[in-house]
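Labels run A, B, C and D following the written order; every chain starts at residue 1.
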C-alpha cells in the first residue's frame, strides 16, 4: 500500500501569513458516519462494544474514549472520529458487530476537509461567517454544531476554548480557506465585549 | 369630460398659481347597486374598470379599494416591462400589455413615462445561454423584436458591467428586448384611475370588501365596510389578499401570499440606461429617472402578509449586483420595502371565471404583474363583459390546475418573472 | 430574519439555518388509496393552499442542525411563532381552537376526535 | 464668499486648535482643525453654499446637526474612491480630504440648472405627469434623457472599489441604540445586571446632545457625567461600545443591522488594511431605543436659503466647533428650547434676536434671553427672506395662530436664521417592524405606542425631554423587560437640574404677504424641492391619501427619508384639510434609518468569495492540462482539453473519437452518490423511482427515473444494490443535494414507518469513467483483483476490489454506449488512481475527455440529459421512456399526475431524433420547427431542438428534439426557420443514431 498516492483537499495551500489566528489543515483524521436509533438498545450496545463509548444522546455534544470521539450530528446520526489509519478497520468492525441491527455505517474519511483554527479571537473570526451565538456558554469545549458558514454548510467542533475544528465538504475546502484568509486578516481583528478604548 | 393635460394647460394654470386644476378622480359615495364591481384598485383592477367602461360601455360600475388606490404591488414593484417569455400563452398576454404600454400616456392623457430603454437578460452560465437561445428562437417566430447580444455588445449597452471573463459568473451574452423597459408605477395607477373616473366609474377608496354574497350558484352582491352593494358581476383583483376574499364565496384558491422585496439606492447621475436582469444570481436593476438604482430581489420562502420581508434575500441580491456592477460598492441603499405577492403553483397568473356565476378572478401575478397591467385589464374586462374567457385569458383559467395544463415559465425557461 | 426553534434537537437559529416547507398537514391522497384519486383531489393536494392572514400551520426542516422536519404555527402578519411541534403531531389544542377559516374547518374533526379520546 | 472671520476666537469643545487639517472643497484648498466636520470647517472658511437642490437647483447650505442633514450633500474622495451624497455634517475632517459639491454645472455659484428655479412656476409638484407626452417617441429620446441628466445628485465612483468590507454576527441581551444621556443611563443599568449590552451611536462620540443641552447632573455639566459613564462602560466585560455605528434597520424577531464606518474618518486605517465599513448583524433579546429627537424646520417663505439652519445645529456650530453661523442672526421658534441657541449666540458675541410665533414666551429660558439683552418678538413670524446665495435680511410680521397671510412686515437685516419648530422623537426604528405610534398633542408629534417585539423607547425618542424624567425612564427600561436576569441592578441615579420649558405651539406654516404663497416658496422637503403649495395642490387634485401626496409630490422621499419633512408635511395637510394629524395618517418608515453602503452588505463576498466554486479531487490536474471549465451547479467540470494546434471543436472531436475507437477517461466525481439502507429500502426506492427497484439483484445496477409529484422528470441515475437492504444511488451532478433532501423529506413526512437510513456520500468518492473498446485492457493493466471477463462482470453489474492497488468500487455502466467502467475510489486517492489510469492507458491511446464529448457521445446514443431533453414540464412518456414507468406499482411519486388529462392528452411534444438534409448543417440549440414556413412571423411552432451536435463518429450532424406527436411523424421532414431567413430542413428519425442494438457496451 505504501506506493499509493494520497492527497488531502488543501494539500496545495501554504501556511498562511498575516492572520490574527493560526489556521491549518488537519490531514490525519478518520471519519465514520454512523446512523442508527439512539432508542435501540441493541444498537447502542453494539456500538459501545466496538468504540468503547456510549454514543452521546444530548444534542450538540461529543464523547471521547481513547483516541476515538463520537460527535452528535442528529438524533440518529453521529460522526465518529479516529485516526485515519484506523477508520477502515473500525468501519468494518462496526458493520460486523451491528449485523442485522438497523443501521448504516459509512467510512467518510475523505468526504470532508478539516480546518484547525487556533488562537485568541478565534470565535470573533468565526462570527464573520456564522450567525451562531459563539460567545455564549452554549459553545463550551466539546460542543458540536452543524452550521451555515459563509455560503456553505459546515460542522463546528469546539476542541478547546480557543481551538476550533471546522469540517466542510472537500469540494468547498478552497472556498472555506479563502474565506478565512479574508476574515482573519490581522488588520480586521475585532475584539468583542471586553475592555475598550475609553477615548470614544 | 375632464380638461386635458398638456404643456399649454400647465402654462395656463401656472398663471393662476395652479389653483384651478380639477381633481384627477372624484371621491364618490358608494351606490347601493352597480352593474359590475371590481374589488381592488391596483393597476390590474383599475385597468379592468377602465376597459370595461371604454371597450364594453359598462359605466355603471364601481371599483372598491380598502386602502388607497395603487397602494399594493402596483406601487411597490421595480416596474420592469418585457414580453420575451417562452410559452405562447405568456407571450400573448405580456406582449399585448407591452404594446398597450407604448401608447398608454396618450391613451390616458397622463404621462406614465413608459420608457422603452431595453431589457437585457444576462446569460451567465452555458445552461442559461442555451435557455435564452431557445427563447430567442421562439420569440422571433412569434414576431417579437428580441435578439441575443454578444458580451462585447453587453459591455457597450452597460459600460459599468463587470466584463472580467474570469469572474465567478462571466457574461457569456445576453438576451435583449429593445422595446422592453420601465414605466412610472404610480402614474399607471393614477392614469387609469383618472381615465376610468372620466368614463363614469366610481372609484371608492377606504372601502373594504368583507364578503362576497352568493345566492345559490350566483353572485348577488358584496358586503363592505361602507354597507352592502348589490351587483351581479364581481371581478376580484386583490393580489395577495385574494385567498381570504374568495373564501367568503366558498372558492378555494391555489395561491400563497409571500413577501417580495425591492430597494433603491441614493440618486446618482445616470450609470445604467437599460434594465438588466441577472437571473443566475437573482439581481434585477435599472435606474429611475430620478437617479435611484432600482433593485429587485427574490421572495422569502414563507407566507407573509406583513409587507416587511427578511434581509437575506435582498442581501443576496445586493451581493450579486456588487459583483456584477462593481462601482455600486460605494453607493448606498436608501430605502427597502416589501409587497405581498400572490404566487400560484405554476407561478403564472389566473384570469378566470369561477364555479360561481358572475364571479371572476384575476390574480396570481406573483413577482411579475406590473408589466401585464394593460393587457390583464384588457382581457379581464372582456371576460367579465362577455362571461367567457377572452382567447388570451383562456390558458390562464383556474381549470388548468385540475387538468395539469400548467404554464410554468420559471421552470421551463429558468427565468423569474 | 425569523428566529426559528427546532423541537427535535432544540437548536435555535436564523431562518437561513432552516428550510421552510410550506403548508402543513396536507394529505397525499395517493398514499391512502392510489386507485381512487379524482382530478380534483389531486389538484387540491398539489395546488390549493390555505393562505390565512393570521395563524398558519407550516412545515420546516432543521436544515443546518439535526436535519429533521417539524411543524410550526406562525402568525403571517406579526410573524410570531406560536408553537413548534413534531412532524407527525397535531398542533397544541389551544391553537387548533384558535385557528380560523379553512384551518378551523380542518381542525374541527381533529378536535372532536381529541375530545372523545 | 466672505472675508469675515467665521471661526470664533474661542470655544469649540470638539476641535483641537493646535492641529491644523488641510482639505479641499471644490478644488479650493482650505484649512480646518482636528475635530471639525466638513460642514463646520467649510463654514469656518466663510462659505455657506454647499450644494444645489434636486429639482429647482436652488442654492443650499447646511441645515442640520448630523444625519438629518438634507441639503449639504457632498462627494468625497477621488476616482474609484469617490463617494457621492455624503452629509457634510457627518464627514469628519482629515488631512487631505477632497470634497466636491454636487448637482451643479458648471459651478456651484453659477449653475445653469437653476433655470429650473426661474421657471419653477411652470413645474409644480407632479407636473411631469401632465406633459412630455407628445410626440410619443419623444419621451424616450428627448424628455427622459434631459430629465435624467439634471436629476441624480452626485456621481458614481469610477472602477472597482479598492477597499474591503465585512459582516459580523453578534448576539446580545440588550442593544441600546443611541449613546446620549438616556442611552448611557439605560446601558448602565442593563450592564449592572450582567447582561451582554451593545451600545451603538451614529456619531464619533457618545453623549448625544448632552454638550449643548444645558442642565446639570449631580451638580456638574452633563458632559462630565457622560465621560464617567462612557469610561465605565468601556471597562465592562459585558459591554460593547460601537461609535460611528448607525443602527440602520430593525427586522422580525429583533434582528438588527448596524452599519459601522470603521475607517472613513482616517485613511491611515485603510492603508493598514482595516475594512472600510463593517455591517453588524445583531440578534438582541431586548432593544432599547434612545435615538433622541430631530428638530423640525419651519415652513416660511424662502426658508431654504443658505444660512438658515436648525437652532440646534447653529448652537452646535458655535459650541462644538467655535464657528459662527453669521454675524447677525434671527432665532425663529415656536418653543423654549431654541432660546438656548439665542443665549449661546449671544454668549459668543454674535448678534441675535428672537422671533417667537407664540403669543407668550414667559418660560425660564425666554426670561434669561431677555435678561441677556436679546430682543424677543412674540406673536411674530418670519414672513420672507431676502437674498439668494445667502440671507441678507428677513421680514418679520405679526402673527396669530391659523392666520393665512400677513399684512404688515418689517425688515430686519441679518445673515443667518436659526429655526426651531419643535422636536420629533426619532421613531424610525420603532416603526421598521410595525411598531404602533400615537400622536402627542403636547409635542405636536408622534411617539411610540405598542410593539409586538421586545423593544422599548426611552428619553427623547419616547417623547420624554426633561432630563430627570429621561434618566429615570432609561434606567428602568431594562428592568421592565429583562425579568430573566436575576442579578439585582442597583444603580444610583444622578440628580438632574435643568431649566423647565413651557410648551410649544404648533407652527406648520408661517404665512407671507401674498395670497396662496404666490411667488414664495415655503419648503417642506428641502432636497426634493417640495413646498407647501405642492402639498396643497396634491390635495386639490385628489391625491388625498398621505401616501398619494407623498408619491405625487415626492415629499419625504429624498435621501433624508423625510426626517425633517415628514411631520411638517402632515401638519400642512392637516391644516389644508381640517383633519387632525392622526387622521391624515403617517407614511410608513422603511429601513434603513440612514443610507448604508452596498459594499458593506456584500462584505467579503466579492470576487473569489462571491459564491463558492466546488472542485473535484482532479481539479488541479484539469487546470494544469488547460481544460476549459463548465459550471455545473456550483461545480466546475472540465469541458474539453484543448491542446496545442487545435481549437475546442478539434479537441472535442478528438476526445469523442478516442472513446469510440480506443479509450477515454472522464472525471465524473461530481455525480451525486447516496447510500440507502434498511429493511424497507427497496420498497422505498419503488416509491421514489418510476421504475421497479425491489426486483434488482444484489450486485446489479439499474437506471432509474425520478419525477416530482406533478409528473415531470427531475432526476435520473444508476442505482446499485450493494446488499439485500443496501443501495447506492447515483444522481445527476446538480441534483445530489436536492435528491438527498427529497428522499429524507418523504421518509420523515410521508412514509414515516419505513425503516430506512439515507446518507449522502458524494464527496467521499472520486469517480472516473473509463470508456471505449479498450476499457477492459486498461483495467487489466492496472492489475484488477476481480474477474474482468464479460460473463464474470457483465454490463450493469458491480464489483468491489483493488485497481492499481487502490481500493475501488467499479460499476459497469455506460453513458457513451461503449464498453465502460465507472471506477470510484476514496477522494484522497483520486488523484493517485487518476494518474495510474492515465499511465496504464497511455499505450492504449487513452485520452481524457470532458463534458462536451460526454454530451455528444450520449446524444449519438439517444440518451437524455435531464435539463436538456427535459425542461421541468416534460414527462417520462414525452421522452419515450414509457418502458421505465412501472405499470405494476400501485403508487410512486408523480404516478397520479400522469393521469391528468393534459399530461396524457394529444399533441404532447415527444422526443425524436433529427437528421438535417444537409449533413453539415448543425441545427442551433433551441431552434423551433414550424407547421408552415411563412414570409414573416408569427409562425405556428410545433416543437424545439433539445440537443444538437456535429457527430464525428457519424461524420454528420445529429439532433434531438421535442416535437408535437413526434413519434407518429417518423420520416416526416420539418422546417426550422432561422434568423436571417435561412430554413434548415430535417427528417424525424429514431433518436438512437449509433449502435441501435447496444452491442458495443455489451462486450
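Everything below uses one rule, namely that contacts are C-beta pairs under 8 Å (C-beta built on N, C-alpha and C of every residue); 3 or more make two chains touch, one makes a residue touch a chain.
Just so it is clear, the model here is predicted, and its values are computed rather than measured.
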Between B-C and A-D, the pair joined by more C-beta contacts: A-D
Whole-Å separation of chain centres (CA-atom averages), subunit C against subunit D: 31
Separation of mean Cα positions, subunit D and subunit B [Å, integer]: 22
Residues within subunit C bordering two or more other chains: 1-2, 14, 16, 19, 39, 42, 46, 67-68, 78-79
Multi-chain contact sites of subunit B, meaning residues that touch two or more partners: 306, 310-311, 402-403
Sites on subunit A at which at least two other chains make contact: 77, 131-132
Topology of the chain contact graph, where touching chains are joined (line, ring, star, complete, other): other
Subunit D to subunit C touching residues, read off their complex: 251-255, 281, 283, 434, 452, 709-710, 741, 744-745, 748-752, 890-891, 895-897, 900-901
Complex interface listing, subunit C residues touching subunit A: 8-11, 13-14, 16-17, 64-68
Residues on subunit A engaged by subunit D in the complex (per definition of touch): 1, 3-9, 12, 33, 35-36, 76-77, 102-104, 106-112, 124, 127-128, 130-133, 135-136, 150-152, 169-175, 178-179, 182-183, 185-188, 190, 192-198, 200
Interface residues, subunit B side, partner subunit C - complex: 241, 243-244, 247, 252-257, 301-306, 310-312, 344-345, 401-403
Touching residues on subunit C, where the partner in the complex is subunit B: 1-2, 14-16, 19-20, 22-23, 39-40, 42-44, 46-53, 56, 58, 74, 76-79, 101-102
